[in-house]
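The first chain written gets the first letter, and so on, giving A, B, C and D; residue counts start at 1 in each chain.
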Amino acid sequence: MKKGVMRPGHVQLRVLDIEEALAHYRDLLGLIEVERDDQGRAYLKGWTEVDKFSVVLRQADEPGMDFMGFKVLNNTVLEKLESDLTAYGCAVEHIAAGELSGCGRRIRFEAPTGHRFELYAEKEQPGKWGVSNVNPEAWPMDLKGMKATRFDHCLLYGPNVEDTYALFRDVLGFDLAEQVVDPEGNRVAAFLTASMKAHDVAFIDCPEPGKFHHASFYLETWESVLRAADLISMTNTSIDIGPTRHGLTHGQTIYFFDPSGNRNEVFCGGDYHYPDHEPVTWKAEDLGKAIFYHDRVLNERFLSVLT
Amino acid sequence: MKKGVMRPGHVQLRVLDIEEALAHYRDLLGLIEVERDDQGRAYLKGWTEVDKFSVVLRQADEPGMDFMGFKVLNNTVLEKLESDLTAYGCAVEHIAAGELSGCGRRIRFEAPTGHRFELYAEKEQPGKWGVSNVNPEAWPMDLKGMKATRFDHCLLYGPNVEDTYALFRDVLGFDLAEQVVDPEGNRVAAFLTASMKAHDVAFIDCPEPGKFHHASFYLETWESVLRAADLISMTNTSIDIGPTRHGLTHGQTIYFFDPSGNRNEVFCGGDYHYPDHEPVTWKAEDLGKAIFYHDRVLNERFLSVLT
Amino acid sequence: MKKGVMRPGHVQLRVLDIEEALAHYRDLLGLIEVERDDQGRAYLKGWTEVDKFSVVLRQADEPGMDFMGFKVLNNTVLEKLESDLTAYGCAVEHIAAGELSGCGRRIRFEAPTGHRFELYAEKEQPGKWGVSNVNPEAWPMDLKGMKATRFDHCLLYGPNVEDTYALFRDVLGFDLAEQVVDPEGNRVAAFLTASMKAHDVAFIDCPEPGKFHHASFYLETWESVLRAADLISMTNTSIDIGPTRHGLTHGQTIYFFDPSGNRNEVFCGGDYHYPDHEPVTWKAEDLGKAIFYHDRVLNERFLSVLT
Amino acid sequence: MKKGVMRPGHVQLRVLDIEEALAHYRDLLGLIEVERDDQGRAYLKGWTEVDKFSVVLRQADEPGMDFMGFKVLNNTVLEKLESDLTAYGCAVEHIAAGELSGCGRRIRFEAPTGHRFELYAEKEQPGKWGVSNVNPEAWPMDLKGMKATRFDHCLLYGPNVEDTYALFRDVLGFDLAEQVVDPEGNRVAAFLTASMKAHDVAFIDCPEPGKFHHASFYLETWESVLRAADLISMTNTSIDIGPTRHGLTHGQTIYFFDPSGNRNEVFCGGDYHYPDHEPVTWKAEDLGKAIFYHDRVLNERFLSVLT
């Protein structure tokens, strides 16, 4: 949080059928359905998230990610970051307060990888779902499915990972927590964090700009990952891989697809990061183990199926 | 335990290099090394097993299983089962007490699947390893690797599964806990138990007789399965598949190979069985989900790599 | 299962208010409500139990246990055990089929500790709740509360533990899995099993006959024990002690009370037993550690609060 | 991290016998022994900590905490915080680089609760213990005992909690993550964080200044807490309470004492905090549930046994 960026605050995903998608994110992942806006977009959040929403689903003709937003400390920070982005040569777009229901004004920019990001300082804050802020119980009783606790991060594919890293580092104050480096010394993956988490957003090098690999949601335990895997099977949901552990970050994970083909991850555990930590390096020639620590080989899908 | 057969008591495996194999079963699986006999065979056991040994490794030119032994209640039961086997038309061979160090006399027979089995009533019983029988602590502190608690069962491939099931049921008093049935009504897999466990031995139909699929060892928790998976990766051991859950028995599992190519499983959980339970049936056309509950597809290795 | 007794099949408990009790056993423990009979008794079961019911609640003026029943292999066994009980000098009472809804005829006797037990061979067997017997899913989605999987055992207090042990051993074929022995060599607690479980029923010496300490229900994991503890707190249920581990059996456990004051346990794990295992012995002078392995002291309640 | 304070970096504890204490912190908690300095102080760290040490043991006539240190982002921050402390009216003391082996210069001050704190910007950084920074394995194989991953926080008792909170908030940039408030509106406990953790340091109101309640170490899972509890019993270590869950932060925990009577905690889980989160409030009249979520009553020891 060197420059006042706190956390990933939301992601807007394109889905082919809003009702099917809602059933997936609400009933299977266990996100809380919050609202439907007049554009027909559906808003959801994990139960531990204090802000109004973190996932927005928009019906569209093809799947993928519209944008990812980061919440910053306050409006002073927002203004400073806007001017810093502009000074850095990055065009910014203003989205008026209320365009996303309950969210303040947003500053949008495009990263060199071709992805759209947003910064904002204000969002309605109804508090955690199902537990009080006074004498809070350990968890709410009425959670569904995987009981995902929060939207955690996105992994994005595109070109110019190096420039994007520089932008996130120099302007937004992110740290490089982990990286994959090829034998020629090129950084082919960058895992970036503004906090103690091993990644708030990650990029993998790929010729095509603006591609979406997955949105990830946090679970509490390895047993929750097993339950998630069971639910994927019980609901005949398309699985990618897991349960397994990552080499990168060492999180325990499972990947699967929403009905539109967008990849989801639910995971638990994983390493922590502080700004004075050296980045962890994985060698590109050991990418199999870096991604899937147990199998030590990649499945083809993981690198090629993107939305 | 309808006819006095208590449990799988030992398995003798052929390995290409006894020292490499010992390192694998002792340091990685965490079995306790007990003894080396004058034939050079190595004896091991899981720490919760009260008898002297449960795994015997014999150096040979090709891997596989020599035989699997079941402990019966007492010598009266042993004599009765011997005469019942003979009456059933099954040739029995006598192995003198002491041929396996610390084990009483064994009655050996070959099942129609081509596997050799043994019955015995006596084995030295030094008690659990590392804990007293008076005021026992919860677990011994000096366990290694996966900390496997006991030899649990074998899965064997061969022809005449139906006749083998009949022999185990009618003569030895085993129950059919789970089965796989093809659309024509043929039983292509039989999971048999003499106790509350979902399987003490299991058979899958295959033209070649006497093939060994895996020996399985019990772990305490799903977290232990994760640690086992981590150790497989850390030690660069050949993995087959996992961590995952089975449909059959619903155990949580991981498969890997010893240095000779014999498949091992470590697992936890799984359903329990009583003699009045109807067998659970999986349809052969859903064999993928029956074997690997999360992926719902078989990997080719699982059906074809045998020793 | 040396003499054909398979398992604890049911327990009938007296409760002060049937609706409150139902809410407790159904909504908090997560037992499945099966039926209400014309006497007003409520029937429940754990979801993994194949028989129709395992818990019967009867409204009465004071709490406690009416009787505990064991299911035997078949009617031949039932007849044999009846004549063996009679020959042993134990008066037996016949309860007609249907007195408990869906249960066959029962043979009832009183143990020297003053508790009533029953044997029966037949009960309606609808199978596990919420999962099919063909291609069964890992667990049903609609479980409530603690998701207790099965009625597991009872702990009972009374005099003449030694005679009761002899009866269960000699007539019913139970094994002594664990015991507590005082410095004079008297057995003050006996944990008995007819199967691989560390106890199907247990007795602790106490001057007053026929006292009920607790009925115990099985959970899958230590994490389930944590969730159970959380639910006890969330529902403002009276807790006794836990989460903790027992020394005896090494199970992981929590104790609490139903609204009538009957003690319940939910637990997971625990040692396994085979008939050739020597009983585990705990010294009475170390009873604190034997009962509560971590605290190593008893709370007064555990020995004195009985129904 | 609003003002550049990153994390708790070390705690120096007084112990009555340095060898006994070392055995406790190294063999039971599983901290890594790093060095012994020429004053006879012993240095240790958790295996995930990248800096040289986090725990310093000093032999003395009575137990307790000498000081707790926080690492800041860099020397610029250190200088700024020093001048801010002075401007705030807080006397600062300079400790030369090297006084703690491998640690840069430290700025020491006393909080109104009577505890000594330090800030520093530099410490030798050998990296995590037992794993490489390139292609790191998931965990090192040779960990001992509880395998504590890191020094996490301290809970301290003293007067003037309100003034101390103001100092940590206004000068050091800490947030109030959780609090206990009495019916008159007085804040009797303040849990403070400079990061995403639910607490980096916590204060409870008490007339006597400078008292030490516990130092806490992080474990990975609830199963690790069980193993820790088992080890406490196996090693006949003095237990305070647990395994249980806290209401405050919802962490899963166990408390015990080092051989000198200093209280330790090992815990896992717990809520996360961001700077825009409202503090969680527990009512002082529900302090039992706030501290021990399951029992909902305090044990007397927890409030009165301090060092």
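Side notes on the structure shown:
One rule holds for everything that comes next: contacts are C-beta pairs under 8 Å (C-beta built on N, C-alpha and C of every residue); 3 or more make two chains touch, one makes a residue touch a chain.
Here is each chain with its UniProt name: A, B, C, D = Metapyrocatechase.
Here the structure is a predicted model, which means the values were calculated and not measured.
By count of C-beta pairs in contact, A-D exceeds the other of the chain pairs A-D and B-D. Farthest chain from subunit D, judged by C-alpha centroids: B.
In this structure subunit B contacts its sequence twin subunit C using mostly the same residue numbers, the overlap exceeding half.
Remark: subunit B and subunit D have CA centroids separated by 48 Å (rounded to whole angstrom).
Inter-chain spacing, taken between the CA centroids of subunit A and subunit D, is 31 Å.
For subunit C, the set of residues that touch two or more other chains comprises 138, 221-223, 230, 233, 245, 289, 293. In terms of inter-chain touching, the protein chains here all touch one another pairwise. Contacts from subunit A toward subunit D in the complex involve residues 1-2, 6-7, 48, 50, 71, 73, 125, 127, 133-136, 138, 195-197, 220-222, 245, 247, 250, 269, 271-272, 274-278, 280-283, 286, 289-290, 293.
Those residues of subunit D whose C-beta lies close enough to touch subunit C in the complex are 222-223, 226, 229-230, 232-233, 239, 242-245, 252, 254, 289, 293-296. Subunit D contributes residues 137-139, 141, 221, 223, 230-231, 233-234 to its touches with subunit B in the complex.
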